[in-house]
Structure formats: C-alpha cells, structure tokens
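Dropping a structure here in structure tokens format, bear with me for questions.
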Amino acid sequence: MTTVRLLISCPDATGIIAAVTSFVAQHGGNVLDADQHSDKQHGEFFMRVEIDPPGFGLTPQTFDAAWKPLADRFNFEWRVAWGERPKRMAVFVSKAGHCLNDLLWRWKTGELPVDVPFVLSNHDSLRGDVEFVGLPFHHLPVTADSKAQQEAAARRLLEGAAVDFIVLARYMQVLSPDFVAAWPERIINIHHSFLPAFAGAKPYHQAYDRGVKIIGATSHYVTDQLDEGPIIAQETMQMNHRDTVEDLIRKGRDLERIVLSRAVRHYVEDKILVSQNKTVVFE
Amino acid sequence: MTTVRLLISCPDATGIIAAVTSFVAQHGGNVLDADQHSDKQHGEFFMRVEIDPPGFGLTPQTFDAAWKPLADRFNFEWRVAWGERPKRMAVFVSKAGHCLNDLLWRWKTGELPVDVPFVLSNHDSLRGDVEFVGLPFHHLPVTADSKAQQEAAARRLLEGAAVDFIVLARYMQVLSPDFVAAWPERIINIHHSFLPAFAGAKPYHQAYDRGVKIIGATSHYVTDQLDEGPIIAQETMQMNHRDTVEDLIRKGRDLERIVLSRAVRHYVEDKILVSQNKTVVFE
Amino acid sequence: MTTVRLLISCPDATGIIAAVTSFVAQHGGNVLDADQHSDKQHGEFFMRVEIDPPGFGLTPQTFDAAWKPLADRFNFEWRVAWGERPKRMAVFVSKAGHCLNDLLWRWKTGELPVDVPFVLSNHDSLRGDVEFVGLPFHHLPVTADSKAQQEAAARRLLEGAAVDFIVLARYMQVLSPDFVAAWPERIINIHHSFLPAFAGAKPYHQAYDRGVKIIGATSHYVTDQLDEGPIIAQETMQMNHRDTVEDLIRKGRDLERIVLSRAVRHYVEDKILVSQNKTVVFE
Amino acid sequence: MTTVRLLISCPDATGIIAAVTSFVAQHGGNVLDADQHSDKQHGEFFMRVEIDPPGFGLTPQTFDAAWKPLADRFNFEWRVAWGERPKRMAVFVSKAGHCLNDLLWRWKTGELPVDVPFVLSNHDSLRGDVEFVGLPFHHLPVTADSKAQQEAAARRLLEGAAVDFIVLARYMQVLSPDFVAAWPERIINIHHSFLPAFAGAKPYHQAYDRGVKIIGATSHYVTDQLDEGPIIAQETMQMNHRDTVEDLIRKGRDLERIVLSRAVRHYVEDKILVSQNKTVVFE
C-alpha cells in the first residue's frame, strides 16, 4: 500500500503549515513529507503532504467531515489520494511507437506503478506490441466525419474502464473541446519542441528551418488551446548544422520518452498542482 | 532584513514537523518555507524552517529557553540563523583568479549577499584586482618552514574580522588538520574534477590521460581527508578527443565558477546540513 | 603567430576537398585541420581549412592570383584569415555589466585572443570597470532625437579603431538597419531566451508568465529583423515553480555569459559560416 | 546501400589529407565527409573518410593493391568498411532488460541499421522479449566450473553467425582474457557510473554512500582490465539527497540506455578509432 497524499491550494495566509501538519498529527498520522509553495505574485499557497497510512485514523469515509472546519477556515481547494489502488492510465497513440514502447516497458517492469486498462489508437499498426504485453488494444480510426462518433466511443471506453488519466503518447489527433473539458488536468501530452517555440505541426522541421542549436520536448496538460496547456516537464539537447531533419526526429525521440515518462511519474505520485495555467510540481 | 532560518538534525520520529511548525506559530511566526528529509538508512531526520521576522516573538536572547523543551524531547541538533547581518566570507586564493573574479563580481553587484572582510593569498599577483574593488588583500606566502606560522597569522586575521566561513577559490595549499578542525563545515573548496574521480593534483591532466568524455567540478566542505569532504555541488560538461589539456583547463574554469558560486549561495542561505560525510542541501 | 584559415561556401560538387587540400599542399602548406559540410537540401557546400603558416608559400599579396583558378572553377565564395594580428572587438553595453565583466576577464587573462580598442555605452555607469582594466570607455547616450547622430559617432569610432566585429553585451538599444547593414555578420548579440521563444522585451518575464520549466540564452548575428538573425550558440537550464522572475534573471546571467563567450570564441577562431539565415559552426 | 568508410591511424606528417582525398578523387570517388585529428602529444594522426559508392572505381577486390603505395608511404594502419551489408551485432544480457529492450526497439524500427543474429544470456528470464521480436535466444548459464566451457560455446555461436561485434547490455559476467583478446575493440560494455569513479560492483550503491550530486553512465570497449577500456561515451545527470539507491538505479537506467545506444551507433557508423587506451570518435 502506498502513502496518503493531500494536495491543497488556497489564498496565502499564515499558519497553514502548522494547522495542516497538526491536523494530521492529531489523527495519529505521521507526515512523511510536506512541501509547500507561496506564489507571492498571485497571493496563492500550495501544499502537498504525504502521510504514512499506518496509524492514520482517518479513512475515505471519515476524512471529509473531520477536515471540513480547516478547509473552510483557510478556503482550501483540496484533494486527497488514498493510494488504495494504482492509478489507471489509458494510452492514446498513433503510428510512432517510441513513447508507447517506453511507457509499456516501465509499466511491465513495475517501474511505473499504474494499471493500463487499454491502449487506443487511430491506426492499427501498434496492435501487436500492445497485445504481446497482454493489454487490450482498441482501434478507433478517425475521419472528419467520424470524429465525434469515435470520441464518444473513446469516452465510453474510458468510463467503462474507470480510467484516471489519459496519456497522449504521440497521438496525432486534436481532441475536441468537449472531450478535453471532460478530462481537466487529466490528459498529458508530449509535444516535440521546447514550447512555446514551434507549437503546431512538424516542430522538428520548424526547428531545422530556423537553424536553432538546441531541440527540445515538452510535456503538458491538454487544454482547449492547442499546445498551450500548463507545462509539466521540459528538456533540451544540443544539435548542430550537421543534423538533418531526420537526425532531429531520431534524437528527439529520446528526449520525448524521457520528458513524457517524467511527467507521467509526477502525475502518478500526485505531485502536480495547477494555477494560472502553470504547474507547481513538488519534486 | 532577511529571514530567520532554523536547521535541525535528529533521530527520525513522528510528529516533528507538526511540533516545530506549531512552535513557530505559537510564537507568532509565519513559516515561509519548511523543508525536511528522512534518511531511512540511518534513521535520521533533517529539517529547515524559514520564518518571516515580522511578528515572530522570539529573539536571539529568548529563543533558547523557549526552544529547549522541544529540542530535548526530540533530541535536536540545531542552529538558528537570525539574519541580522550578512555572513562574512573570507576568500583564499593562489594564482588562478577566475573563481575570485567571479565571487567578487557577484558580491560587488549584490547578487551574493555577503560581506568580504578580506582576500588572502600565498601569492601577490591578484592584489590589484582585490584592491580595485576596495577590499583588503593579505599576502601570506607559504613555505614548508613558514606554514605553521602563516596559518597562525591567517587564523588571527579570520578571528579579528569575525569571519563566518572561508572559500578556497583555487587556493593551492593544503590546510593543516588543526586549521581544518577549527573551521568545521565552514571551509568550502572547489576541486576541478567530478570527485571521487581524479582527486589530488592536476585533475585535468588525469582526465586527459584517461580519455574521459566528460569533465567536471566539485564543491565540498574541507575535512582533514584531502578531497574527501562532504560534496555540496557538482556539474559536468562534455568534451571530446580534440580537447587538449589546455582546452580542458579553459572550459573547466566555467564549470568551477558556476559550481563554487552555487555552493557558496547554498551556504549563505543556510541550506546545507551534514551527516555521514554527506550533505542535505534544501534547494 | 596563429594559423591561416580559409573559409569557403559554394554549390555542392565532387572533388572540392581534394582540390583544396592539394592546392594547399602544392604551395608547401600543411593542413592542420579541414572540416566541411554539405547542405543537401540547398545543394550548398561549406569548408574550413586551417593551415600551418611555416612552409606555406602564399601571402596576403600572392594568394588571390594563385587561388583564382580554383575559386572560379568551383564558384567559391571565400575568405582567408591570415592571423597576423588579433581580431579587434568593440563591446557595446548598457547598464547590466555581467557579460562585459566576463568578456573583459577573458580578454585580460589572455583566454580570448582579441584586442579591445574600446567599450561603448549609452550609460556612464560601467566606466569605472572599463577604465580599471586600461581600456577607453565612450559614453554615447541615446534618445529618440539623438539616435542617428550617435550612431554616426559610433561608426566613426569603429572605423577609427579598425574594429573587426562588435559584441552587444546586453546593449539595450536597437541598431538602425543602416548601421546593421554596414556590419554584416560582424555584430554578435546575446538574447536572454531560447529563441525563437520569447523574442523582444523582458524575456524572463515572458518565460515566467508562460510557466516554462527551462530558461535559455541565445547568441546570434544581428540582422535588421529583431532577434531573428542566424543563431550561433544556445544553451538552456532547468527552472521550477519556486523561481521568481528575479531568480530567472540571476540564473540567466550565468547562461548569458557562457553562451555569448562561446559565440565570440567561434567568431574569433573563424569557425562560422552563414547561409539561409543559419550558421555552420565548425567546432 | 551505405557509404564506403576509410579509417586511418599513422604517425603525424604533412600532406596526408591531400594525398588521401586525391587518391579517392583519382579513383572517381566523391568524398562525402572527411574528418581528421592530430594528437600532438603522441605524434599520431587519425582520419576518417566517407566516400559515395557510385562512381568509386575500387572494390574490396582491387582496393588493397591500389592503396598499398600510399599506405606504405605514410605507414598507415587502416581499415575500410564497404557497407555492403549491415554489421552483425550479438547482444549479451543478464537479468536487467532495459538496455536490451532499448536496443531491440531501435533495431526493430530501423533506427539502428544492424542485423542481430542472436541474444545470449546467462539467465532465461528475457527469452520471451527476444523471441517476441523474432530473434534467437541462447541461454548459457555460467558457474565457476562451467565458465570456460560456456565461453567456448559462445565463441562457436559468434563465429557461426559471422558476428561483427558484441554488446554487453548489462551482462554481469566478467569475460576471460582469452575471450576478450579474441574480440579486440569489438566488445562494447555499459558501466553504470561515470568512470573512473565507482568501477567494479554496485556503482550506484558506491555513489550513494559517497554522497555525490551527479550519477553517470559510461560505454567503453572491453579490455582485460575491468572497467578500464577505452571510453566511447559518457553522460551524467543531477541527483540530490532525496534520491535513494533505488531512485539512482531507476534514473540511471535512462542514462545507460542513451549512452549505450550512442556508443553502438558510433561503432556501426565506423566512427571510432583507438590509441593509447583512448578513443577518437568522429561525431
């Protein structure tokens, strides 16, 4: 069994840390880790508390009532992850399999503590890789005409499988605003550039044409503004004039794998809070 | 005026975070930042608390008595930095001036909030740079015969100037065990390799001869074991077969400056705790 | 005395390397280093040859006539740097002195083999630093009304001092198209972001507002399109939600110094060729 | 069909580049890329020439005779890779599958242009992954008693499959000096530290105990001195006091994959020359 994680956002005020850690102590809990951040510019406070389950007297059934006075006093927005079961991650993919392969390997070896109810793709080409590791593969091809219908099918699959979050592992379809709105801060995308540079299509081609000396990758939450959601993780590497577009695509795959898996890990460990279209990541 | 910083090491136990943050709150203090770390292997707990001075009811005169019950209960080793005045940093240097120049620039522009009572050197060549920025320069040449006497002179200078910590900015003399013992966790050195590789003399030559593809720099506290003190910061960069020893020396200077100034900044902000010859750096 | 460097751009063709290296050999020259690059997309070829002066039978007086047949045959654009004297670098700066201090230190210690005829600024605040190291400092304040006149004064100073290239070491005035056109591929700027992201004013504020997880710096040739000239060097570093705008500005200074000095070094060693608004840097 | 690659080591002398590139041109070859390096310390010269096959008049049958006068004149050690077929790579692995999975993925998708005749392991646990991608898997368990016999079996497999080079993708057996001597500069290992630090067993544990702030990985040719062969590629990443040994092992896997695949790619592209137990890598 994993730890209990409490995440809080609220207007900045004095005494919050003492109040929260004392609350946990009063209920027999041992605080394994407490992290917090004050955004002075916007007057916001963020906190993450990790509690050792043995000894903690509260449960999913009793927590809310006990917690309410404190939450009201400081005007908390909050959530608690009880860690009773692994988070359930659906992976959406198109034809490029490098991020999928990477995530499945981390899942299969236990490095990434998630359940994967299924992989969904608008192409059928990666079915073999998915079925080899024993996971269901759903092929939902998308055309302009079928898009709404296929998104509805995808949403039924997600609900049916009690999915917690979706990873777009190089899924090349733009999700509709309705779909995105139904999964707020629960869809993680990998974009193959250092955003905000080279948003949109073919970022490696854009980078090549501009003659930059670095390439990058960005993992972010999906919002209804394409490539403009809150950034979770980014990384860059040096390139030079000898690198062709094909070299950038090849080298970039290593960046994309690492950045996406890092963002997914942050999500799974309940380390991400969002405000002002930016993330607080309690690493 | 800067913040009040409280640093604690103790045997790991439950309830420490709540007890400490509540103590601060009870005395009217607002916890700006609280960071902690549990070393499960050795059963040790580390904590750093940053307190907003306005409102905090305790002073250097009254703190100890109020704090004692808590410190006794959890068996704290602790220290508190009241931030009433900038820390006083003495710089020791030999002939290579790049780290000195860098530190003086950061001091002069206010980036590094320290006072520099003097610079000491076993050579006279950097006197001009030091005196230009208005600082005293002490020339204490060292021979095998004069070493004990010159160290005694240095210690008188340090005590006379109420120095808090010493930075060895490429000071090429080995300090005696007595000297080091008098300044525990208060002497910061820069070694021009990624320790523990290439300890001792001429690390860039050693790196060149071994044919490594990276070079590095390491900042650490000085102990009586040469180049084996607790590591505070490290950084590496890529090199290749075209790099001569002279290239490594040149490129390494940039690493050394950055690593040393980072370690000094951690020290100045009271972010470093030591245990088991390792550092906890609350970045 | 340094090496002779020959730089060539031409339409791609077979036999160029053999023809050029044989030409050098026929005139008694030893090729110390030869580097080349084919841009397949645009059908262009680039080459840099470094020749050991002793034994090389050609001189600035005789080279052109001997070289002409080869240059005509392959349609070379070319230049040769005889290395008889250090390149002459003028530095333009405003109030932020970190890049200036860095360049002057590298010059003073001989790390950067250039002559610096003068430093020019639209403010008077860095005069002391410049005069301390024995260099002339010209204060040319700029207003909307005086801009044309002051640029003319600057051009007279540059011509009078036989300047080879200009480094904008955080010079916060936009140079006029006329000025830029008079110094093609001879003005090097440092921009404090990873271009093309965050062009224009206050890039660290832009980066903070977007919530990126990296910051960067870019050194490029100045063209009449602001922040859109050919990129010479770029570097990034990780940041996180705790970093304020002031932290970004502080951390970014280290990036800016390193990226700018790297670009200047490439220039001084005649390693940069430009085509299609991109650089070939023969590192 | 890939390019023809010519690799040369010899005592340093003048005129080599012109002589070699002219030789190629005389036989109708177009030099796509020429790279060279002079080791001034040891008076050695290294060169790599990449030739476009169409038009090149020499073949594996006729090259030696044509080339001999030049090779004799400059005392070349040389080899030529005709690129008629992909190099044949055998992979040796134990229980940790991350490097194997990575290499197989790069092979399967065509990113790494090699043939893989088989994977060999002293354990049977990765058989499924190997057979899924359609490759033979040989299980050769090793005990102190059976080691000589199993190495003989391995050598028969290697010879029978016309293997060009061996990759030790976390193979935890030390190969005998005889075995190593039979495959000079043809066995590539990945060691999970920044060598020369933390050679030998359990490098992440060693790193943790020393309290370093970086971890690393090193790919090198295997010699009969354990972890002391010529280094091909290295990379490091930052760590901090929160990282447990398990975290280092997990994070290090990403480094190991990238460093090993980079070294393998250099090998496959004939970019590595060895001298003085160091590598020249013509990137």
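Lettered A, B, C and D in written order, each chain numbered from 1.
FYI, contacts are C-beta pairs under 8 Å (C-beta built on N, C-alpha and C of every residue); 3 or more make two chains touch, one makes a residue touch a chain.
Every value quoted in this text rests on a predicted model; they were computed, and no experiment measured them.
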{"item": "Farthest-lying chain, centroid of Cα atoms versus that of subunit C", "value": "A"}
{"item": "Pair with more cross-chain C-beta pairs in contact, given A-D and B-D", "value": "B-D"}
{"item": "Centroid distance [mean C-alpha coordinates] between subunit D and subunit A, Å", "value": "37"}
{"item": "Rounded Å distance between subunit B and subunit D, as computed from the means of their C-alpha atoms", "value": "42"}
{"item": "Multi-partner residues of subunit A (each touching 2 or more other chains)", "value": "none"}
{"item": "Touch list for subunit B against partner subunit D, complex", "value": "37, 39-40, 194-198, 210-214, 216, 230-236, 240-242, 244, 276-281, 283"}
{"item": "Subunit B residues touching subunit C - in the complex, by the definition given at the top", "value": "97-98, 101, 105, 109, 111, 132, 250, 253-254, 258"}
{"item": "For the subunit C and subunit D complex, residues of the former touching the latter", "value": "14-15, 17-19, 21-22, 24-25, 30-36, 38, 52, 55"}
